[in-house]
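Should a chain be cited, it is by its letter among A, B, C, D, E and F, assigned in written order, with residues numbered from 1 in that chain.
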Amino acid sequence: MLYTINKSPLMFGNLKSALRIAPEGEPVLLYEDGVYAAAHGAATEALVADALAKHPIFALKADLEARGITRLIDGIRVVDYDGFVALVEEHPVVPWL
Amino acid sequence: MLYTINKSPLMFGNLKSALRIAPEGEPVLLYEDGVYAAAHGAATEALVADALAKHPIFALKADLEARGITRLIDGIRVVDYDGFVALVEEHPVVPWL
Amino acid sequence: MENTVAVLMRKAPYGSVYTAEGLRSILGIGVFEIDVRVLFVDDGVYALVKNQDPSVLDMKSLGDAFPSLPEFGVSSFTVHAPSLAERGLSVEDLVIDAELVDDAGAAALLASAGTVLPF
Amino acid sequence: MENTVAVLMRKAPYGSVYTAEGLRSILGIGVFEIDVRVLFVDDGVYALVKNQDPSVLDMKSLGDAFPSLPEFGVSSFTVHAPSLAERGLSVEDLVIDAELVDDAGAAALLASAGTVLPF
Amino acid sequence: MKIGVLVLEGPYQHQAADSAYHFVKAALARGHEIVGIFLYTDGVNNANGYIKPPGERNIAERYSELASQGIDVIACTACARFRGFRRDMVVENVRLGGLGALADQLKAADRFVTFGD
Amino acid sequence: MKIGVLVLEGPYQHQAADSAYHFVKAALARGHEIVGIFLYTDGVNNANGYIKPPGERNIAERYSELASQGIDVIACTACARFRGFRRDMVVENVRLGGLGALADQLKAADRFVTFGD
């Protein structure tokens, strides 16, 4: 299953909650305000770095660019909308709204 | 200033963020989903108990009743809408949406 | 397609419409030959708390509605136990008999349904 | 009445309309003899980050708009320093020169304005 | 006291419009003057006269009722355009207005309260 | 693949309607079939044909454009009634429908994606 997160990790518990439930190996997609979790240097970086040891984590390019997020945590994979669709082809979606 | 909180404390950082900034002695009003912070036994009880040492904390009766919250943390003061207005008479409002 | 849908309830009732619409969608799609399994996680467990009374807000009690769902063919209710515990709640506080699951159990339910409708 | 209003920006841009409407309200009320002071707290500081480019989403850059506000008579920009630090950001990352405040400074700004408009 | 109220969310999706209504009723009962209710962003949709909720509270009627008591209830013109909310849809007693009206309410109010998400 | 899409938020207030639109465009470009777009709760407002955003993207036109390409775009009838969204306001090519239509889309889809808040 592809767990999708669209909320900022510093003000919302969505990312933490999804990571608790998503089994090891399942991919996570950050989009909309969720892409702030991909930013290097934020207080949630350790949470995301730990998660990267267990999950492939993707961040949506359009949302990163919109928000001026240029320095990403190592290991985050950037995908465009075409890549978002490719992930959906491979996995049913669990929107963690 | 009356700091008003309308978000559940377990999934949103609003309460924690407001408590960081609200100076000692300033009142806090929990309403809408914010009233879950007044519930006894939740994981955020310690945060609220600490805050009660510094702030008068009020919870809106209509919202408590709607949600079936019957056991409150000691020290929480229940107000109805009339009491909400009375608080606004005494303090300008900082809505921490 | 197996026509199984997991309705994932993660939000608190009354503050927003999602719990009410999740409930309405459970009824609405359940009558159309879809096997609906309802999973309560995070603030979603608050939907099941006893003694909800939003009459003073001129709203209808959502807690009253869940026990009647089996009459409409929906009887799979699962609660994420850690979410319940974090809120100081136990199964005795809930309006229905729900199955408790841990993190892995919640994930397994979502995966077995294949289609997830989040509210 | 002193006609001073603190616009409190606490939400991230683009995911929702609040930052954009906060900005529009700053301009909209600022021209009507209101002394507008803008305070950025929590995810609100993201509104000021450099290099925002939402053109691929067919939206306008909010970051580009803030530096032009002084032309419209609004020049009081204050950033809650702990919010900035938690996001790994410093004043060099921002599109405007903002005054930094701590928790007490943020509270004092809100109290001195007396009227708070939250976005 | 003179109290101004801002509503940032639309009907039924969030509790904001309900909370603002109950707050205003209580404020009136305590003898306060409501200098205005400004419906902003999705809040404009609370003034949609075509709202017909089967068996539930009618939020547009409630704002119309407040306006009929002399409260200036104003829905943001620009927000309305973004949301397809036309002048002919506005519920009785409510009017459209710009941010100048919000500025006037802010200046007139001793207290200003915002309801949103 | 057959993909179904659900939208839970209205235009401009949240990014959901934009994200869903860009996702659907990308899915079509990859050769997928969109079995339907269901506009639910505030999502119905994305199909309001009176939306006239000065100088900005027109979200209703975008959904109308997707519908004109043969995608079944359906706005929830009951939600529309709660929001004052009348049949005569529905943008071209979009229609109102009940939860049975959502059930059909859920059954027809190999993948189902929800965009909301």
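In this text, contacts are C-beta pairs under 8 Å (C-beta built on N, C-alpha and C of every residue); 3 or more make two chains touch, one makes a residue touch a chain.
Everything numeric in this text was worked out from a predicted model, so none of it was measured.
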Request  = Tell me, please, which chain's centre (mean of its C-alpha atoms) is farthest from the centre of chain B?
outcome  = F
Query = What is the chain whose Cα centre is as far as it gets from that of chain C?
reply = D
Ask   = How far is the middle of chain B from the middle of chain E, if each middle is the mean of its Cα atoms, in Å?
value = 25
Key: Whole-Å separation of chain centres (CA-atom averages), chain B against chain C   = 26
Query = So how far apart, in whole Å, are chain B and chain F when each is placed at the average of its C-alpha atoms?
reply = 38
Note = chain C to chain D, mean C-alpha position gap in Å, rounds to 39
Task = Could you check chain C for residues that touch two or more other chains and list them?
result = 10, 14-17, 42, 57, 59, 115-116, 118
Task = Provide the list of chain A residues touching at least two other chains, using ranges where the numbers run on.
result = 6, 10-11, 13, 17, 32-33, 62, 92-93, 95, 97
Remark   = Where chain F touches two or more other chains at once, the residues are 8, 12-13, 15, 22, 41, 56, 78, 112, 114, 116-117
Message = Which pairs of chains touch each other in this structure?
response = A-B, A-C, A-D, A-F, B-C, B-D, B-E, C-E, C-F, D-E, D-F, E-F
Note = Counting only contacts in the complex, chain D reaches chain A at residues 10, 12-16, 42-43, 46, 49-54, 56-57, 59, 63, 86-89
Ask   = Inside the complex, what are the residues of chain A that reach chain C?
value = 1, 13, 17, 20-23, 26, 92-97
Inquiry  = Which stretch or stretches of chain E touch chain B in the complex?
reply    = 1, 3, 8, 15-16, 19, 22-23, 25-27, 29-30, 32, 111-117
Ask   = In their shared complex, at which residues does chain E touch chain D?
value = 6, 8, 40-41, 78-79, 98-100, 102-104, 106-110, 112, 114, 116
Query = Considering the complex alone, what residue numbers of chain A touch chain D?
reply = 6-8, 10-11, 32-33, 36, 39-43, 45, 61-63, 65-70
